[in-house]
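Next up: the structures, one after another.
There are two complexes below, and they share subunit A, which is joined by subunit B in the first and by subunit C in the second.
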Partner chain A sequence: MENPLEHFELHTLILLRLFGLDISINQAVVMIWVVCAAVFLFFWAATRNARLIPTKLQSIAELGVEFLRGLILENMGEKGMKLFPFIATLFFFILFSNLLGLIPGAYTVTSQVMVNGILALAVFALSVIMGVALHGAHYLSIFLPQGTPWWLMPLMILVEIISQLARPITLAVRLFANMTAGHTVINVLLGLVLLGGVVLGWMPLGFTVALYLLEVLVAFIQAYVFTVLTTVYIGDAIKLH
Partner chain B sequence: MADPQDPFRNGLSLAARIGVELAVTIVVGALLGYGLDRWLSTRPWLMLAGLVLGTVAGFRNLYRALGPPVSNSKKGDDGKSA
Partner chain C sequence: MPQFDLHFLSPLVFWSVVSFGALLFLLYRYAFPEIFRRLEEREKTIKDSLDQAERLKQEAQQLLSQYEAKLKSVHDEGRTILEAARKQAQEQLEENEQRIEQETRRMLADARSEIQRERQEVLREIQRTAADLTLLAAEKVLARSLTDVDHRRLIEEAVLEIARQHKTT
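Up next is the complex of A and B:
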């Protein structure tokens, strides 16, 4: 029986080394290129001959962009619109990674915790930079929630530091766990289809189809959640209570 | 898809969020304590303290995400009208 976690393993395709760093090309790297190309091609095709009365593809793209704009305005305010390109890139990259990863045989980039970790670190760094740039030393008050009684202050500062540090990690782990778990379950069920043969195999096959549809929903939800939390975290740094 | 206040989608995103958030916050607290322990060689006290603080932080975040007065959006609305 095939190991259900096997298809998450990375295989080096081209061995590359730079100053002792391993920068080999593996299938995740190739998939990242594919995802970037797909996002680019989608928007190129959608806006190729943009019209006032949009075509189908154009209206899908406009829906996504409008939706992100609403999200940013709600959570970050007008100042957040400067970060629109970053947030939109993040959303569409994660969404396309999740969706393209569902194609049988394709690699799911977001099932690599390092990829998500880098994205989450970028979000975290950006929120700190924005906070310090806008508020200076006053940014440190993010560690002290408003209305804390004085005798709770030392404790609350420690608690807030922990929950701030946990933010990028939760961002990365949530996406990774959801994508890995979903694909693993589908893989295990497919193994059951092979075990069950013609007589019993149709039952897990039905579940596989249902779960696959659920995974499509999860792909959207996870991209949405990552983006919402990005806007909330950066919005916290911009608004600062 | 254009309305960010859709209750169904808000519920879905909340459900997708909070489980991992609680777990990770507790683990981060404990690991911070563990790291400080190794650095200051005070094993195991800071790890225990970190575990407790992480649990407090995790449940506080949970409460903030679910709590009765929805502090974030409410506060924002009050701020706009005032």
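Up next is the complex of A and C:
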């Protein structure tokens, strides 16, 4: 049986260097481009013949935009709408990565912890920037929940710092783990189909189909979770408790 | 796990940032404003439509009450006209009745006087005839003609006398 994690291995396709920095092209990079192109094409098609009575595609795009706006207004308030383009792009990038990754043979970009990591770091950086821009030095009070007794202060500050730092890590790892696990399970089951042959193979095959459906759901849920947490984290910085 | 192979860190991070940034720019520049514009436009259209519907409804309500008032006034006017016509007809009827009655009475009186006159005439005729007959009879009896006016007058007086006697009896 083949290694179920082999699917996630990257292979350099084209060697590239920029000022000594390795920017070689591999499957994940190609897939990032595919995802970006798909998202852009989706919006291009949705807005190309946009009209008052929306087309189906337009409805879907508008539904997504409305949904994200609701999310932002709820968690970040009116000020958060400035970040709408970033958060919406984040959502659709992750969603399309998850969904396109489900196509057999395609690479799942979001199963790369380094890609998720840079997105999560961007979210973290944005939250800090927003917090400092809006509140200045007062932003530091995010490390000290209101009403903390003085003798708990050192501990609480430590806990809050860890909690803040854990946010981008958990954000990245959650997405990576979900995508990796789902694909790995499907891979293992497909291996079992080959092992079981005609007699027993239909059983894992049935599970694979069911899991695939589940993975489609997970693709949406994880994109949603990542986005919700993004709005909550940045919202915290905007509102400061 | 292959995903932790740091060999690919720089290509992945670099291309993620570049691609994501490009996508963000394109969507920010072209897609989102268009969608928001559409959404706002639709919101406005729906709001306008609702407002207009409300306005039209009010207008319709107003027209309805106007028409109702007009209808009522027309109805009242109709009733007045009808009432007047009925009264006029009644008057006409009464007048006609009166006139017919008078006419009838007059005609009756005329007829009565006519009959009276005719009767007088007939009576005179009878007297004349009776006189002639008497003369004729007397002529026959006397075998000679009584053409003498005096005689004739005598006989007529005799007849009148007879007639008077006849009338009194």
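Heads up, the rule we're going with is that the second predicted complex is superposed on the first by the 240 of 241 C-alpha atoms of A that agree within 3 Å, B and C clash if a C-alpha of one lies under 4 Å from a C-alpha of the other, contacts with A are read in each partner's own complex, and residues count from 1 in each chain.
Operating definition for what follows: a contact is a pair of C-beta atoms (placed from the backbone, for glycine too) under 8 Å apart; a residue touches a chain by one contact, two chains touch by 3 or more.
Source: prediction; values computed, not measured.
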Quiz item: Touching A:173, do we find subunit B (first), subunit C (second), both, or neither?
Solution: first
Quiz item: Which partner, subunit B or subunit C, is in contact with more residues of subunit A?
Solution: C
Exercise. Quick one: classify A:229 as touching subunit B (first), subunit C (second), both or neither.
Key: first
Quiz item: If you stack the two complexes on chain A, which partner ends up touching A:67: first (subunit B), second (subunit C), both, or neither?
Solution: first
Quiz item: Just subunit B (first), just subunit C (second), both, or neither: which does A:159 touch?
Solution: first
Quiz prompt | Common ground on subunit A, meaning residues reached by subunit C in one complex and by subunit B in the other | solution = 66
Quiz prompt | Footprint of subunit B on subunit A - complex, ascending | solution = 63-64, 66-67, 70-71, 74, 155, 158-160, 162-163, 165-166, 169-170, 173-174, 177-178, 218, 221-222, 224-225, 228-229, 232
Quiz item: Considering the complex alone, what residue numbers of subunit A touch subunit C?
Solution: 5-6, 8-10, 12, 16, 18, 21-26, 28-29, 32-33, 35-36, 39-40, 43-44, 46-47, 50, 52, 54, 58, 61-62, 65-66, 84-86, 88-89, 92-93, 111-115, 118-119, 176, 180
Quiz prompt | Interface residues, subunit C side, partner subunit A - complex | solution = 1-5, 8-17, 19-20, 22-24, 26-28, 30-32, 34-36, 38-39, 41-42, 45
Quiz item: Can you name the residues of subunit B that touch subunit A in the complex?
Solution: 1-4, 9, 12-13, 16-17, 20-21, 24-25, 28-29, 32, 50, 53-54, 56-58, 60-61, 72
